[in-house]
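Two complexes follow with chain A in common, the first pairing it with chain B and the second with chain C.
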Partner chain A sequence: MTTFTAEAYQNEYLPADGGEVNAVVTVTASGAASAITSTQAAEVIIVDVSGSMSHPHAKLTAATRATAVAIDCIRDGVMFGVIAGNDTATAVYPQEGGLVAASPQTRQDARQAVAQLQVTGGTAIGSWLALANELFAATPAAIRHAILLTDGRDEHETRTELEAVLADCEGNFQCDCRGVGTDWQVQELRRIATKLLGSVDIVAEPADLEADFQAMIERAMGKATGDVSLRLWTPQGATVAFLKQVAPTIEDLSDRANAVDTLTADYPTGAWGDESRDYHLCVHVQARAVGEEMLAGRIGLMVGGEAVSQALIRAIWTDDEQLSTRINREVAHYTGQAELADAIQEGLEARKRGDEHTATFKLGRAVQLAAAAGNSDTMKLLAGVVDVQDVHTGTVRLKPRVQDADEMALDTRSTKTVRVKKPGS
Partner chain B sequence: MSATCPRGHLSETTDYCDQCGAPLEHRSPPPPAGAPQARASTTSPPTEIEVSPDTKPSVPAEPCPDCQTPRVGSDKFCEGCGYNFASGESAASPTPARSLSGTAGAWEALVEADREYFERTSAEEIDFPSHCPPRRFVLDQPEISVGRHSPTRGIRTQIDLSGAPEDPAISHLHAILLRQDDGSYAVMDPGSSNGTTLNDDPMPIAPNTPVPLADGDRIHLGAWTTITIRCS
Partner chain C sequence: MSRSETVLACGTCQATLLPGDRYCERCGTRVGTAPNEQTRAGRGCAACGAPVEAIGAERYCSLCGVRQRSPQDRQEIDLIVAAGVSDRGHVRRRNEDALHLQTVGERGVAVVICDGISSSLSADVAARRGADAAGAVLAEALRGEQAMLAEAMTSAVGAAQQAVLEVPWTSRCDRDVPSCTLVSAVCRNRELVIGWVGDSRAYWIAGEDSCQLTVDDSWAQEQVAAGLLSVQEAGADKRAHSITRWLGHDAPDEEPQILTLRPTEPGRLVLCSDGLWNYTPAAAGLAAQLDALPPGTAAITAAHSLADAALSAGGHDNITVAVLNMAPPGEG
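Let's turn to the complex of A and B:
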């Protein structure tokens, strides 16, 4: 049985007339490991077989090998299937459509079917997702996860078609997206992954695919509780400025709100294993008199329609400036992490359109923030794009020549955050 | 189990009012004497609240001076029109972008229902409006918000697209026009529900990233709205 706990970190003191309440809520799930075997799961692997996958041919070889590794990681009893995608989607295994329970025999049959994949045609990712959605619709499994691997842009359908499919799929399954090579678009895959509560990343070297697929499947199989939502209540007259997941990655959840009543909304968070995630909530409330207290938010976890744990976000108005000007450490940390992600994305954007001034400024700021918060992985990625002269002042020089893969890796991973350093460490 | 809060709301939760968030007198379960309160992070003592007489439920609701809608509790804004009870300001106050006078070198935004954009993208359940006069706005402020004015949510946009015919796919705060150093404008999408696209590019612009605009650039938002940016 998985248990959830929610804990709020905030400075609840507001100055007179102050109305902005910030809090970081840490949600931790534990006990999943023992619950996994009893949880029904379904897995669909979607492999791009468009013509470009054979340029170079190593891409297809790596993709089919990685798919085979992923299939091997699917534990017995999990319902699974493999889809090949180009301008349309084809069920590769089982060929007659539907999903089959994993067993030594079915895994071997699936590997054989994947080994015979041929490449041809274009890229219409929406049609692939639509087929996956159909396959998932037929299973009662609580954990429904897909892996999408592509090397190109979604060129053979309109954005409206893709958006319509995403709207259909939303909430039905989670999808981790991987781009191989450097011809795909970060924004496009990020849009799909965000909508389907998954991750997005670049696999620049086809040879790295196997390990990545294995990790993704293991993570998906480690989930024990599907369909977990955050339920947020705010008082009359309050507005939710934003609700963001801030660790392990930044995901703005604000747009995902499903209203329960006028004061309450649910935010889907997908499936959970043994893990901990942090959320940053910002609520604007109507100021009350000094000395008054107000509950500015109640964040609860909804698992299968039941409330399991909650954290309270409070506001107390005070004229003691020492209290009201204090910034909570967790809130400050994640505000910095969000600024870091923005600085990277804005810096890369500026670089692309030739605005070197803005690019240097933004990426310099990113270096400064990453160094201060200890984002060592992000620092390494930044070093692929700029020459760092001084981390403390954020003085950098744009590299004249940058590998596409380095730039895309920095862009896709810009939303990965680090947790708050424990005091004294 | 339910409780009545100092402001007169009937609350199903017994720690804080489930309407206005006011602390309830006998929170349950009450913290055992001497035990720390079950709450996070800060160490300061809880503040005792005195209920002042004017927040008692018996006080009749004061009507809004602008639209006569009864005020809900001690709400700051009128539910009907967004009138600010605290400051006495009407909802229409935040200096709307001046409608046109036509100075040379001035930037302006022309808002139109765009059939071509509508045909290209929109969902079937939305109809193209039969009558939609173009609206023009002079861009004369460093920051101009675009969206559907929402008095109840306290969102007021300088370029307000809430008038009939209303494009249902536009967010309350959908986009922001930002003046650049050279006087031209950039458009930024603060994370609207349905995104913002530019000219013929089908991909939405990245949220929270200003994209500079040139004379004649078309900003597409919602189901059928196109804003053409012009320099006269």
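Let's turn to the complex of A and C:
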């Protein structure tokens, strides 16, 4: 049985006319490991078989090999299937469609089917997702997860067609997206991953696919509780400025709100294993008199329609400036991390437009923030696109020549955050 | 003031009380001792008016989120002729003021307010014990028909000092030993004796004759008395609230200042801690607040009204106020 706990970190004191309440809520799920075997799960692997996958041929070889490794990691009893995608989607295994329960025999059959894959045609990702959605619809599994691998742009359907499919799929399954090579678009895959509560990343070297697929499938197999939502209550007259997941990655959840009543909304968060995620909530409330206290928000977890744990976010008005000006460590940390992600994305965009001044300024700020937060992974990625002269002042020079893969890696991973270092740990 | 016009109710069973009743005829509750919570709680949200069902376990309104004050935040004692309330205020974590109020016989009233010094240890205990000790001495004097009320007041303050000294404490860094202020009144027929140590105050409120009776034992008062600063200048200084005399171990001199008076006109005696007078220091200001109430307003209503005013002005400190209605000589 998975247990969830929610804990709020905030400075609840506001100055006399203050109305902005910030809090970081850490949600931790534990005990999933023992619950996994009894949890019904379904897994669909979607492999791009468009013509470009054979340029170089190593991409297809790596993709089929990685898919085989992923299949081997699927636990006995988990319902699974493999889809090949180009202009249309084809069920590769089981060929007759639907999903089959994983066993030594079915895993071997699937591997053989994948090994036969041939490449041809274009890319219409919406059609692949639509087929996956159909396969998932036939299973009652609580955990429904897909892996999508592509190497190119979604060229053979319109943006509207893709959006329509995403709207159909939303809430039915989660999808982690991977781009292999550098001919795919970060924005496009990020859109799909965001909508389907998954991650997005670049696998620049086909040879690295195996390890990545293995990690992804293991993570998916570690989930024990599906369809977990955050339920947020805010008082009358308050507005939710934003609700973001801020760790392990930044995801703005604000647009995902499903209203429960006028004061309450649910935000889907997908499936959970043994893990911990941080959320940053910003609420604007009407200021009250000094000394008064208000419940500015209540974040609870909804698991299978039941509220399991909740954290209270308070506002207390004070004229003691020592109290009201204190900035909570967690809130400050993630405010910086969100600024870091924005600075990277805006800096890279400016660089693409040829606006070197903005690009230098934004990426310099990113270097400063990454250094201050001890985000060494992001720091390394930044060093791929700028020459760092001074981390403290954020003085950088744009590199005249940048590897596409370096830029795409920085872009896709810009939303990965580091957590607050707890004192004494 | 016409007493018969005021309808009084028992705090426990809501039965009608007659003026002078000391116990409720129906349920036997001693008048003024029942926590009169029904009148204040159970009303729903004080901020948005949501029904009482909307108030959750932690006293947050489930509609507007505003936290409701706890019933323990305000205590009241209503003895008809005299009444008092003590309120935690908005800011302080606990109430370190103490109010002792009791009537003896038909015409005797003893009231004591102690304000625990917030920088001291167990300030709330010191205030409580000080107020009760002084109150007990005054009540005994009234029962024993002691001729000299002024002497009784001196003994009462002495007893309060002794009680504060007996508050257990252990020396801890930068906290003062238990200590408190005291203001007290004892009244028999028309004789009124006021005693005080520190900056808790007594006022006589009677229209244009309203005046402050006590003279603060405070830094500000000393500056004003010495002609060094104006009342405004002294009040604006950081040290304005530093008191020069108090009850406790390190008290410089516990001899109270004592004042005896025999009011000839009807009026109200108001005793209060600085949590109240900080917002309305001048007697005229308090008089204006009380004059705004309808004629014949009960002492308890007057006390609530003064405390509410201090609370809505900020309630930075604990607020304690006692009101004693002094009827004209003909009635008294």
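Before moving on, here are some points about what is shown:
Everything that follows uses one rule, which is that the second predicted complex is superposed on the first by the 422 of 425 C-alpha atoms of A that agree within 3 Å, B and C clash if a C-alpha of one lies under 4 Å from a C-alpha of the other, contacts with A are read in each partner's own complex, and residues count from 1 in each chain.
The definition used in the following text is that contacts are C-beta pairs under 8 Å (C-beta built on N, C-alpha and C of every residue); 3 or more make two chains touch, one makes a residue touch a chain.
Given the structure is predicted, the values throughout are model-derived calculations rather than measurements.
In the model built by aligning both structures on chain A, chain B clashes with chain C. Of the two partner chains, chain B and chain C are each touched by A:E293. Using the contact criterion defined above for the overlaid structures, shared-chain residue A:D404 touches neither chain B nor chain C, since it reaches no partner. In the superposition on chain A, contact is made by A:P235 with both chain B and chain C. Looking at the shared chain after the overlay, A:N11 reaches chain B, while chain C stays out of its contact range. After overlaying the two complexes on the shared chain, residue contacts for A:E218 are found with neither chain B nor chain C.
Which of chain B and chain C touches more residues of chain A is settled by the count: it is B. Touch criterion met: A:R159 reaches chain B, while chain C stays clear of it. When the shared chain is aligned, chain B comes close enough to touch A:Q187, but chain C does not. Stretch 20-28 of chain B is the one among 20-28, 92-100 or 164-172 that clashes with chain C after the shared chain A is superposed. Comparing which residues of chain A touch chain B with which touch chain C, the overlap comprises 233-238, 263, 285, 289, 291-296, 312, 315, 318. Those residues of chain C that touch chain A in the shared complex are 47-48, 58, 60-67, 89-91, 312, 314-316.
The residues of chain A lying in touch with chain C in their complex are 233-238, 263, 285, 288-296, 312, 315, 318-319. Residue ranges on chain A touching chain B, taken from their complex, read 7-13, 158-160, 164, 185, 187-188, 191, 233-239, 252, 254-255, 263, 284-286, 289, 291-296, 298, 311-312, 314-316, 318, 323, 328, 342, 345-346, 349, 353. Of all the residues in chain B, the ones that touch chain A in their complex are 13, 15-23, 39-42, 44, 46-47, 49-50, 52, 72-77, 120-123, 153-154, 191, 193, 202-204, 206-209, 212.
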